[in-house]
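The letters A, B, C, D and E name the chains in turn, as written, and every chain counts its residues from 1.
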Amino acid sequence: MFNYFANPVRFLRLTSKLQPITMFVASVTIGLGLYYGLVKSPPDYQQSETVRIMYVHVPAAWMAMFCYVAIACSSAVALIWRHMLANIIAKSTAPIGASFTFLALATGSLWGKPMWGTWWVWDARLTSVLILFFLYLGYMVLYNAFDDQSRGARAAAILSIVGVINVPIIKFSVDWWNTLHQPASVIKMDGPSIHPSMLTPLILMAVGYTALYFWLLFVRTRAELNANKVRMMSIQQVET
Amino acid sequence: MAGKSIQVFFKLIQREILLAIRHGSDSCMIVLFFVIVVVLFPLSVGPEPGILTRISAGIIWVSALLSVMLSMDRLFQSDYEDGNLDLLILASEPLELIVLAKTVAHWLTTGFPLIIISPVLALFLNMDTSGYSTLLIALTLGTPTLSLVGAIGAALILGARRSGVLLSLLVLPLFIPILIFGVSAVDASLTNLSSKPQLLILGGLFLAGLVLCPWASAAALRQAAE
Amino acid sequence: MAGKSIQVFFKLIQREILLAIRHGSDSCMIVLFFVIVVVLFPLSVGPEPGILTRISAGIIWVSALLSVMLSMDRLFQSDYEDGNLDLLILASEPLELIVLAKTVAHWLTTGFPLIIISPVLALFLNMDTSGYSTLLIALTLGTPTLSLVGAIGAALILGARRSGVLLSLLVLPLFIPILIFGVSAVDASLTNLSSKPQLLILGGLFLAGLVLCPWASAAALRQAAE
Amino acid sequence: MTSFSGKKLTCIRGERVVFNDLDFSINEGEVLYLKGPNGSGKSTLLRLMAGLLRPVNGTLTWNNKNIYQDEGLFRSLTHYVGHQDAVKTALTVEENLRFWAEMNSDIKEKSTVQKALQEFSLDSFSTLPARFLSAGQRKRLNLARLCTTWAPLWLLDEPSNSLDSDSVNVLTAAISTHQKKGGIVAIATHENLDVHSNSLDISMFTNFKIKSRDYDGW
Amino acid sequence: MTSFSGKKLTCIRGERVVFNDLDFSINEGEVLYLKGPNGSGKSTLLRLMAGLLRPVNGTLTWNNKNIYQDEGLFRSLTHYVGHQDAVKTALTVEENLRFWAEMNSDIKEKSTVQKALQEFSLDSFSTLPARFLSAGQRKRLNLARLCTTWAPLWLLDEPSNSLDSDSVNVLTAAISTHQKKGGIVAIATHENLDVHSNSLDISMFTNFKIKSRDYDGW
């Protein structure tokens, strides 16, 4: 099955159908999520209205980690089986993931000012997310740093696999070190410990972000594939 | 076979050190760079001893980090340029072993001298004497990890443009945990707390690096030769 | 003849910038390095806003200095390695002019972006807003001098080993005056004093560098080609 | 009988197909010349043979065994001499050669290295730092590696570049000796070395008109 | 009549005397081959002729005028092609050549560059980044510089290295044309190019038996 979809032509055909679907899902769930989150859900008894930043912040942080893992996985596939498509998926994911990371960082600091009284502290959770952001940037720069595209792809793939060690550190930093940041309450072994009125918009937003990710991914990979084709055609033209 | 491998391992270390010596004052140069960067801070921050004392551990660690990073970029570059890398990859020993030997030699010629000189700089920055021993231990545990992690970066940038800046970009974020624990170990013992947890983490990072980094570097080198 | 020279001058700048663009994200990389180094400091010094505010000007200047220095080492190196340097020396225009063109292009692709990004970092380090304009002026006067002086170092190290570390050693001491006046200009305006004397000195250094540095670099290049 | 062969090799470099469906086979005591105009892929094929590059398609076999099955073993059977000279300028001529000799085998006697230097008339330079060598002398130092340790497969990329005529004779003699001992040699060259040999014209496999399906969806 | 000559040239490199009391002279329409075994100093002499190196002793004259008197002028009269290819891999083939053409003269027409590319059969690559070129193609791109702008003195260091036979013919044709136009050429080479010429055996001036005092204090 994997090989079946690894064929770029089939991939293009498939994604041309999926693209409008994901766009639709993304806009509906994000719209609903924002409505429930910002209007319908109750303010927190401790944090009052500022809690609403959560609906933007938390799913963004999840997506930041998810995208990185996606890059690492498709990089591993690209290194082992040498599928060009896997490289292109990894390459296209990077800026999206970096944007989610930036969003998590920005909303986190906006939230931190009222909650902790400062924009930024150098605790383990925050620092490891910042490192994640730098890893994204490093990945993108390394990808483009070579005269030969395929060299860049391979070097960046290795970097992304090395950097994956940072993801569990982000996830568990709140458990391993005592930090200002609050520990997990949704994704944990014994089920979520958060009130349903807050959980619903959170889940809606998470689904929406994921759909948004796939939509952007499809747009970018298709563009990338077409750009490759153009490049190939221009080189062929030269040679005939 | 194992005997041969060990022999090759030491042969390589010996050659790298010989090269470093022939090249004159390589280690000297790195120590000097270390000193200059440390000196820049009092210049830019102003000489008030209070502030300096407060940030001395941080300055020494940041400078050590920058020095190791700067010395890193030639680790494989010259072999890559003069064609020796092709031959090292084609040698019958595993490339991981060769990479490890080069990394060890790199640490012996750069990280090690930094450790030796650091107490003098700590004195210069008015660091409290109670932090010295922790600083030394933390550097001893931390600098080899810097070399190991840096080797990955050095291998990845082969053939890239602006390799110097690129290397820093790749490697500095990975150095950050070492910096944080290194500094906080010293700060802990300066405030009479136990620095054991931080030192244990540094040790753990070192062991993890020792196992994982040579693999990653070797993989990066193989793709660089393509 | 003069017309031809000016034409060659702009032709060279154009080519260098074209090369920088083709190489993708060169300027980006330097800006990123600048940001990372600035970020290292709060990490190592600790996040207390008081201390950070106090040393923010110093941090920005030290980081700018290190970034320019790191970006310097490829200025002539790639031309040297691929044989273009021989041809540039043999071109009928004076080598001084060629060096100046390359330096200008270097500043446009490195120093200039640093100036653009510096207010953001100043914000991040909690610098007082009263220092912003002086910081910008001081950087605008100081970074071209860094490029000019750095070019001498970049020319001197051609063909040397460990060029990265060697360059820093040659160039950092020469950068120190710029650092000192740059920081003290900002500090002066932060304490509501006039920063004019320091800025005048920075301007003077720039003019002196503009006249003297290309000669020195050209001489260094000529001997490197021997 | 030792044999080295490749089947249906396809190689892509820098996003271009360099050659396609290339077959070759070399037996004990044979020399294969790789011929072809500039850019036809001779150097690429040699790097592929050495295992530095991987083919996108096709197999390389040594004695009918895929070389990637035991790479360590295969590598100990090969001597590769590339475009670059693999000379450390800070070490002396002898130290350079000795290092590679010791990396590749357990030899202890000084004589092997000394003999190889003599063969390529570098013995008078043996204690000189290699930075003093001219282009041709460096090439000779690189070639001297071939004679220090035995490896059945020699892969030589334009070995006669910048060699003077005496040195070219030394090289052809070394190749002939290697042939007689049952070695296998592949040489990419534009000049005709005076060695009994087969030749392979690479340009036959270079498909300059690349069919668009090769790049489908790249 | 233009002439280029050197008198009593002595050159020291890396603390060694490379050659001593060397005289040469080339007149309009002449080609001088520099011959000699590896390390005899051919490349060194060419760099000296180009003005990249200074002799320790002796003078170089162009039309009986010392070349150091007006270096700018002399440099505009020379084309030097060294061991290295002076190719920027990030620029396209045409951009590479165009830059040097525009550096060396005021030419504006595209045709000159295009014609030079055609001559060395690089025209089909002109919009390709130079990183895609093989060893021989790079050499050709470097040689194409010779045909973009007129300079009477050509200094070529092993120009036929890694060229295929077609390209060698193009090169010899270019040299012959240059000769006919009254140009002066000096070539260091180990191969015999098919060009009417004189030759200078450098090894006559090289002191191969290095006296121990040359190394005193090493």
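Here, a contact is a pair of C-beta atoms (placed from the backbone, for glycine too) under 8 Å apart; a residue touches a chain by one contact, two chains touch by 3 or more.
Not measured: the values here are computed from a predicted model.
Just count the C-beta contacts per chain pair and the biggest one is B-C. Among the remaining chains, the Cα-based centre furthest from that of subunit A is the centre of E.
Subunit B and subunit C have Cα centroids separated by 26 Å.
In terms of their C-alpha centroids, the spacing between subunit C and subunit D amounts to 45 Å. Per-chain CA centroids place subunit A at a distance of 46 Å from subunit D. Averaging C-alpha coordinates per chain places the centre of subunit B 36 Å away from that of subunit D. Looking at subunit D, one finds that residues 14, 16, 83, 90 touch two or more other chains. Residue positions of subunit B touching 2 or more other chains: 23, 81, 161-162, 166, 169, 172-173, 176, 180, 226. With touch defined as above, residues shared between interfaces to two or more other chains in subunit A number as follows: 122, 127, 134, 137, 141, 145, 147-148, 235, 239. Taken pair by pair, the chains that touch are A-B, A-C, A-D, A-E, B-C, B-D, C-E, D-E.
Note for the complex: subunit A touches subunit E at residues 147-148, 234-235, 238-239.
Taken together, the subunit E residues at the contact with subunit C in this complex read 50-54, 72-73, 75-76, 78, 80, 82-91, 95, 99-100, 102-104, 106, 142. Interface residues of subunit B facing subunit D in the complex, by the touch rule stated above, are 4, 7-8, 11, 15, 18-19, 22-23, 81-84, 86-87, 89-94, 225-226. Here subunit E touches subunit D in the complex through residues 14, 16, 36-41, 43, 83, 131-137, 139-140, 158, 161-167, 190-191, going by the rule given at the top. On the subunit A side of its complex with subunit C, the touching residues are 118, 120-122, 127, 130, 134, 137, 141, 144-145.
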